[in-house]
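Structure first, commentary second.
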Amino acid sequence: MVHKFKVSTSGRCEMSDITKEVQGIVRENGLESGVCHVFVPHTTCALAVNENADPDVKADIQKKLCELVPEESGYKHAEGNSDAHIKAVLAGSSLSVFVEDGALLLGTWQGLYLCEYDGPRAREVWVKLLRG
Amino acid sequence: MVHKFKVSTSGRCEMSDITKEVQGIVRENGLESGVCHVFVPHTTCALAVNENADPDVKADIQKKLCELVPEESGYKHAEGNSDAHIKAVLAGSSLSVFVEDGALLLGTWQGLYLCEYDGPRAREVWVKLLRG
Amino acid sequence: MVHKFKVSTSGRCEMSDITKEVQGIVRENGLESGVCHVFVPHTTCALAVNENADPDVKADIQKKLCELVPEESGYKHAEGNSDAHIKAVLAGSSLSVFVEDGALLLGTWQGLYLCEYDGPRAREVWVKLLRG
């Protein structure tokens, strides 16, 4: 079974914290121990694990990625969002996080993020839980 | 059990669509629901999920990666393919995709790609299916 | 169950080979066939699969990443390690490797690395084994 939830992003390039939503799915489904797989069915956003404390970190990550892969750079793709596809490949479409004692097992400073690169948009996040 | 198939790449830097091959392995093995793990046993190519429609997207992704990490850049490694190792680390060696109702569950615009950075070469792709 | 081990890094930016430690956990736990998931509970280091032979490759990878994402670049985050967070997002916090016949199944030239971007530090690596 695949669990799905929606995320509405509000800027072209932003990181939305999805830790609570994923944690909720783990708890509701009573998974005691296993692996929680997270996947985005999109090609212009991505998933990442990173700092959950100082919001400046999110801003720095997105700013540097936009400097490395700017919105305009002589791309061929006519839709004008090639930079978003490239950033999505660099950050990646999936995450695998451990579950123990019925909860996500993360480091103290870790949160799970949907990294939007072509928003604002309505995005979907898919979660699958494997016992083990 | 690990399922393996071969991909022959034709340029130094290209993205080869492997969606059909991976989908075939899922169907032949009768996996109804689970996770399909894909892995490349190489250090100068990678795997990525990205757009399956306009081929310009693939070209833009590879061109920008080659601008960020050029073939020549004062590298120490004598084989002359350090750029390929670096791109492989950035894109990643593995993918995890969900399986439901006996098929890969992908977004409308998503395909699975082997990203070649030091071709042309004969590459192997490994697939492992976990029920759940 | 989650298996944990420690890695002491000795420079700000380096790649530490953790293949032997992960392989040891696979053997000690008698996993014959399955997936070995590796995760770092940190936000300024990452995990990667790459070449295990010529150490120049590691040096080239880290040098280029530091050119792309320099330590100083007008970041907002006051701790002064935003570059490390960004590199961690690019390389990724998790790996999934196959296990067959009681051992990690890697390509001839592949090793598993903890990529330190804000060392020297005492790091933890988490491993979870799923049969299948």
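Order as written gives the chain letters A, B and C; numbering starts at 1 within each chain.
Basically, a contact is a pair of C-beta atoms (placed from the backbone, for glycine too) under 8 Å apart; a residue touches a chain by one contact, two chains touch by 3 or more.
It should be emphasised that the depicted structure is a prediction, and the values quoted were computed from it without experimental measurement.
Peer 1: Since chain B and chain C share one sequence, what rotation angle in degrees maps the C-alpha trace of one onto the other, as a multiple of 5?
Peer 2: 120
Peer 1: Taking all residue numbers at the chain A/chain B interface, are over half used by both copies (same) or under half (different)?
Peer 2: Different: when the shared numbers are divided by all numbers used, the fraction is under half.
Peer 1: Mind checking the centre-to-centre distance between chain A and chain B? Centres are C-alpha means, answer in whole Å.
Peer 2: Inter-chain centre distance comes to 20 Å.
Peer 1: Where in chain B do residues touch at least two different other chains?
Peer 2: 68, 90, 92, 96, 130
Peer 1: Under the stated contact criterion, what part of chain B meets chain A in this complex?
Peer 2: So the residues of chain B in touch with chain A come to 33-35, 48-51, 54, 56-57, 59-61, 64-65, 68, 90-92, 95-98, 100, 105-110, 115, 130, 132.
Peer 1: Please give the residue numbers of chain C that touch chain A in the complex, ascending.
Peer 2: So the residues of chain C in touch with chain A come to 1-2, 37, 39-43, 68-69, 73, 75-79, 82-83, 85-86, 88-90, 92-94, 96, 126, 128-131.
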